[in-house]
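Pasting the structures in now, so scroll down.
Heads up, the next two complexes both have chain A, just with different partners, chain B and then chain C.
Right after this comes the complex of A and B.
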């Protein structure tokens, strides 16, 4: 008795501590995620420690990251397209200087480099130069630095190009990834919901006890299969199937992703909606049957409407599963970060982007932080989904 | 008055459990028959014979004959069971409206039986809600959810729902057991009104209720029908000692 008086407060405080620390860890993760994600904004998309230079006479003083990319990809070849004078653009990096000047002119330790750049730019007023700040020492007389728009939240969200490693300026627009994610998830749920609902109705209402006892654990087992196995299955079965059915050059498409994610979302949808269907009171089903309704009419008009909020919750949870899925999406969607135009095109989802690129992104750099910003977006999406589930299932308590 | 319903030596088993033991009984047209007895005596099971609700429980076995208008309802084709249930309405122990509007609850039976004529459905809903003495209370909120009604109103709605498809028999399984005294009184008045048009069987725990509303009473005990007679006779001068003991409250 005395021992109990001593142990009970200990257990109580242990439970309290574990509760608090779990909450604290979750909070810490969120704070860390958003700290890294938010620090991405207001960085310059140009490589750190480098600048772009144009001739003093050039009226173009400001460029955006996609414009810079187009200039260096030689898609834009005249300043006129950027609101400047009608003169061709010539590109100048350290490589060009190495060809234009002898080693002697540059100096043994490149000490005469700024002067060389100056004279090069002066001889070709249409030049845009990209040099490390160390080499220019910020002391060019005939050239001035180009201002590049900082990464802004609205540009990040609305940008339609994702070239995080392009030089000299990375363009990071999240739109293709976001749309890719939503497209794949939307069709996944479009495939999974009718199938899952049918299976749930079968399990809850039609299947006899013996079938149910076998089928239910099998379906729950589906939920436990690692996603990489689903991805492998998708790669070996679904991708070739899609490729041959639609006669495509590659099978890794949004459609293949949707199908694999639909299969992965099925167990969630089936178990959650089956539980909801089972809450329909027996008396309500009997009342329907007693009025001369057939079993099918009873299911369609009484059981499914009664469980509607639970089924909605199941659908939203399924969407959540599909949106957050990384490995399988990475393996079967083809991973090309372009604006999705059809289901039969490769796309790239946000989680797949993070997984694929984080390893190559220099720690703490622009790209690295951009991936964290992507993580924040994903986090907000799932937060909205969870909120919706709460709202919908709260409606059930009447 | 002829025999509307009749059971001849009916035995019912739930698996190994012998729930009804050789019940023979007849129920005359446009009368109210009360089934009384302690919990688990088989009276609800007996009631559910008449619309084959026991079929829904797995491992149920039935022997004997159950006649409705002289036809054995356990010999009909499975596809005709819907038809039987249209003819034999049922009101359950707890109010169990559907998660639909008040109007749609009453219209449900018509709709599932393939009636699409809107004006007919509208008229039938009003008629049966009036019959169930609920019309005045709900006529302005027919589109509202049935769950917004009180328990007593919900039960009257369930009665209206059963009446809408114009059955000839109404089975009531303790229709007032979960209601307050005022609602119970309303239901009893309703049963009294309805017996001119329908044959009613009501299962009840409430002795006074059986005495008030019924013409005939059957006393069940441990799956046997101990006594079946005019209600007056059962309550004033029962012929079996078990019946007397139960009615006077010595057990049950």
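Right after this comes the complex of A and C.
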């Protein structure tokens, strides 16, 4: 008796502490995510510590990141296309200078490099150069720096090109990634919901206890399989299947992604909606049967409507699972960052992008922060989904 | 439930960010004791260096070699900070990197430890057996979209590339694509094995992989770097005598001040025994 009086508060405070610390860790991760993500905006898309230079006589003083990319891809080859004089564009980076000048001219310690840059630009008025600021500080007399727009939120959201490692200026538009993620997840849930609901009804209402006792753990086991296994299964089975069925040039498509994600979302949908279906009071079911309704009528008119909010919650949780899935999507969707126009095209999802690119993105750099900004977008989507689940589940109480 | 969903999102991000952290900080180890040599850099050279280090430590009791990956750029940065003794690289130093070494007055020595040849592969049923560099460039920048433009059947070209985190991606971009960006329609695969798998099951596919990854399920293409005069099929012999153009040397860079410390290991790698490991790891030896 005395002991209990002593131990109970201890256990209570232990539980309290673990609750608080979990919340604290979650909060810390969220703060970290948003701190990195938000600091992405208002950075310059040009490599840090470097600038672009053009000849003094060049009227073009401002360029956008996609324009710079097209110039260095040699898709834009004349200044006229950018509103400048009619002269061809020539590109110049330190590598070109290394070829144009001998080591002697550059100096053993590169001490004559700024002078070389200056004379190189002067000799070719159509040059656009890309140099580290250390070399150009107050040394270029014949060149002027090019203004490049900073990364803004609206451009980040509405941009349609994702070239995060493009040099000298990265184009980062999330529209193709965002649409790709939503497209794949939406169709995944469209495939998974009817199948999952049917399985849940079967388990809850039709299957006898023995079958249920075997089948339910098996379905729950599906959730424990590593996603890379699903991905590989998708790559060797579903991708060729999609390709031959629709006679496509390529099987890695949004459709293949949707099918794999649908399989992965099934356990969530089945378990949650089955639990909801089983909460239907026995009295209601028996009343329906006593009135002469068949079992199918009872399921359709009584059990499913009663569990509707639980089923909706299951669907939304399934969408959450599909939206956040990384590895399987990475392996079967082809990862082309193009604006999705149909289901039978490769797409790139946000989680796959983060997983594929974060490994090599320089810590704290522009690309790194852009990936965290993507994480923030994903977080907000998941938050909205969670909010919807809470709203829908709350209805059940009434 | 709310916390659970939080974690679904947070765990992969958290892990990934730890990964980023780790590659930043691991470079500081290895300089504590004089007998430890740290090797850091290119993921392409990583399996080779690991094998070399294992064999070297077997032969020399007391020697300790730590090998860390992270990419060529990471290794070069580490050499600049002095946080690694040897930097592995699958490319030569860029001019602006040379500039940084000069600013810090570090005299960089280089040793070529082997070669890696890239092979352009297509589906085995594809009629096209040879391509010029310009054609490959146009295929990967999206200018050529149909096989009939390069003498094949009337079928859409499906181009497979590695993800941007790969050194192979960078090498291919610089040496085959004339530094132009890949078209956004190109499919990015997370691993070289996945490229082989996809090319073998997609009729219109084209991709690139290291020579060591060639299997019978894909067909290698001969390439020409002189606008179609001579086409060379990828082979170890061709990479060795430099007749095959899509090959790259694999480098070890080190600070000349550190030479006495790293020399025994570098010499071992260049020796006959070391070069045998190069062949075993699937790369092309220097001799």
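Just so it is clear, the second predicted complex is superposed on the first by the 379 of 398 C-alpha atoms of A that agree within 3 Å, B and C clash if a C-alpha of one lies under 4 Å from a C-alpha of the other, contacts with A are read in each partner's own complex, and residues count from 1 in each chain.
One rule holds in what follows: contacts are C-beta pairs under 8 Å (C-beta built on N, C-alpha and C of every residue); 3 or more make two chains touch, one makes a residue touch a chain.
These numbers were taken from a predicted model, which means no experiment stands behind them.
In the superposition on chain A, A:274 makes contact with neither chain B nor chain C. Once the two complexes are laid over each other on the shared chain, residue contacts for A:251 go to chain C alone; chain B is not touched. Looking at the shared chain after the overlay, A:72 reaches chain C, while chain B stays out of its contact range. In the superposed pair of complexes, A:166 makes contact with chain C only, with no contact to chain B. Set against each other, chain B and chain C differ in how many residues of chain A they touch, and the higher count belongs to C.
In the superposition on chain A, A:205 makes contact with neither chain B nor chain C.
Chain B meets chain A in the complex at residues 51, 53, 56, 58, 82-83, 85-86, 88-90, 92-94, 96, 98-100, 108-109, 111-113, 147, 158, 161-162, 165.
The touching residues of chain A, when paired with chain C in their complex, are 22-23, 26, 29-30, 32-33, 69, 72-74, 93-95, 97-98, 109-110, 113, 132, 134-135, 161-166, 176, 235-236, 239-240, 243, 249-252, 317, 320-321, 324, 326, 330-331, 334-338, 346, 348, 351, 354-363, 368, 375, 378-379, 382, 385-386, 389-390. Chain C meets chain A in the complex at residues 1-3, 5-10, 12-14, 16-17, 19-21, 23-24, 71, 73, 94-96, 98-99, 102-103, 141, 155-158, 163-166, 178-181, 184-190, 194, 197-198, 201-205. Within the complex, the chain A residues that touch chain B are 208-209, 281, 283-284, 286-294, 297, 301-302, 305-306, 398.
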